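Across the two complexes that follow, chain A remains constant while its partner is chain B and subsequently chain C.
Our next item is the complex of A and B:
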């Protein structure tokens, strides 16, 4: 990456941190507390944008997987893998915020309500995608199997959603928001969407770099993991090709 | 008879003949299914899941037995490079998929015919109100399960991590089948509501979507 590109990337992350700070001010200072749930409802301003972005990341993985099978260009597969990884990370946030909210609202950390069940199954589907990818040897084979699984997983998403709706629901059916709440919710989409896009892009660049390397191995392979700082100079015990 | 139908019947006949002669899969899978029903029956103490709770227990037994069944039927093709030889023949990959799916379905039907009465008996599940509804819902579920199971068995047979990977791939994808069929049967047998609506739609849509998608993508994952 050139110096200008590095500066651009650094500026992006600094701007994003400032946007998040501004969003926090909006959530905690500008927006009033919800009447029945109180301040815990403020988690909603993070929960919903992250949930929508999780779905968008899954959609990117699906489209990129179809494009890979169509064109057989490696960068489509790198994009699909990056988007799926970010989908897992975002879905973990959705689950965590949903559980915290559920604990405050209903007194339990977990309930098999349709939306929580849907988030959990979505999380599992894409965790399995990442595990399957790491189990396959050979770049092309890994890309084909990963693409097939990503397509199947995404086709399953509406079916999971519909079947989960058969379960008893204790979520509120519809939420009435005051104008200030609507504004904060809309504003929260900006930093969360930019964060998701930034994470997908960063992971995509990492994947491309790993793919471009000769005899490339997965980014999380022990060969790619540097020594910890306290072993920085200890070349003799660093994991090398021979050690592996 | 069209050539494709002849090829299909030949492949299914080959799989069933191998199974009839060796009896490698069916005995193993039935015993595993029965053990799961017994262990869950003992674990739940007979009180927590009586009646329609049997449907959940049966699904657990179907899922694990099915995974073993799909793995074994694909492993047959791996021995002595049988799959490589099969891929050299002028048979389309789609026909290969449909034949393997049919063999798996035949085995799963045999397994279900033994496990289901055991589950119904152990959990005092009174099927008399709607026995055909029960059979139809379970059959729809098993068809969808076998559709993705056959595809993923071909995927897993070509990876280095075989043990457990197939179950991990199939279970999250098959969850809509489990949720929809158990909810449909609970509504039917507990509340007396007729089977239909969204639950039935999910089962039919699952079967249609994954039969088509798996048939189309089988060619991509098949590797000798």
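Our next item is the complex of A and C:
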């Protein structure tokens, strides 16, 4: 990364931190409390934007996986892996904030309602995706298996989306907001979406770097030294070229 | 302010920005490693 690119990246993250700070001020200082739930409803301004961005990250992984199977270009696979990794992180935030909200609003940390269950399944599906990727040897094989898996895993996203609308669920399917709350919600989407995009991009660049240098350790590195004679029959020590 | 709201925001923002910090560190390590490899290989990537 050149000096100018480094400065641009740094400026982006600083601007994003400021944007988050401004959003916090908007949420906690200027947005009125909801009538029935009170201040607990303010969790919504983090929970919903992160949830929507989780779906977007899953969508990117899905589209990139289809594109990889179609074109067989490595960078599609790197993008799918990056989006899936960020989807796991975002989904963890959705589950954590949802659990805290559930405890405050319903009195329980967790309940097996359709939306909560499908959300947990979504999180686990993408965790397994990362585990599967790291356990498959060979870049192309890993990419093909990962792509097929990501396409199947994406099928859970519509289930999460539709579950609270179509099935009886304690989780609300839609909410009515006052104009000031709508404005805050719309404003909250900006920093969260930019953060999600920044995370996917950073992870993607790291994946590309790892892919471009399959053995990024120098030839004289101790890890590349052949096995000692007493381990001659053992599997040779190899460096993984994988990237999550 | 309700303690649940504070907890949700602290956990949520820590998870998000913690991962961003981790990626930033990883990027720096990758850049250093590349530099090291380049030096060891006599300037070749």
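What we mean here is this: the second predicted complex is superposed on the first by the 199 of 244 C-alpha atoms of A that agree within 3 Å, B and C clash if a C-alpha of one lies under 4 Å from a C-alpha of the other, contacts with A are read in each partner's own complex, and residues count from 1 in each chain.
Here is the rule we use: a residue touches a chain if its C-beta (ideal position, glycine included) is under 8 Å from a C-beta of that chain, and two chains touch if they have at least 3 such contacts.
Since the model is a prediction, treat every value here as computed from it, not as a measurement.
Touch criterion not met for A:91: it reaches neither chain B nor chain C. When the two structures are aligned on the shared chain, A:137 is found in touch with chain B, with no touch to chain C. More chain A residues lie in contact with C than with the other chain of the pair chain B and chain C. In the overlay built on the shared chain, the residue A:80 is in contact with neither chain B nor chain C. Of the two partner chains placed by superposition, only chain B is touched by A:167; chain C is not.
Of the two partner chains placed around the shared chain by superposition, neither chain B nor chain C is touched by A:57.
When the shared chain is aligned, chain B comes close enough to touch A:155, but chain C does not. In the superposition on chain A, contact is made by A:125 with chain B only, not with chain C. Look at A:209: by the touch rule set out above, it reaches chain C but stays clear of chain B. In the superposition on chain A, the residues of chain A contacted by chain B and by chain C do not overlap at all. Residue ranges on chain A touching chain C, taken from their complex, read 1, 13, 17, 20, 24, 28, 38-40, 42-43, 46-47, 50, 86, 89-90, 92-93, 96-97, 100-101, 103-104, 195, 198-199, 202-203, 205-206, 209-210, 213, 216-221. Those residues of chain B whose C-beta lies close enough to touch chain A in the complex are 148, 151, 155, 158-161, 165, 168-169, 172-173, 175-177, 179-180, 183-184, 198-199, 201-202, 205-206, 209-210, 213-214, 217, 220-221, 223. On the chain A side of its complex with chain B, the touching residues are 69, 117, 121, 124-125, 128, 131-132, 135-137, 141, 144-145, 147-149, 151-153, 155-156, 159-160, 162-167.
Those residues of chain C lying in contact with chain A across their complex are 1-2, 4-5, 7-9, 11-13, 15-17, 19-20, 23-24, 26-27, 30-31, 33-34, 36-37, 40-41, 45.
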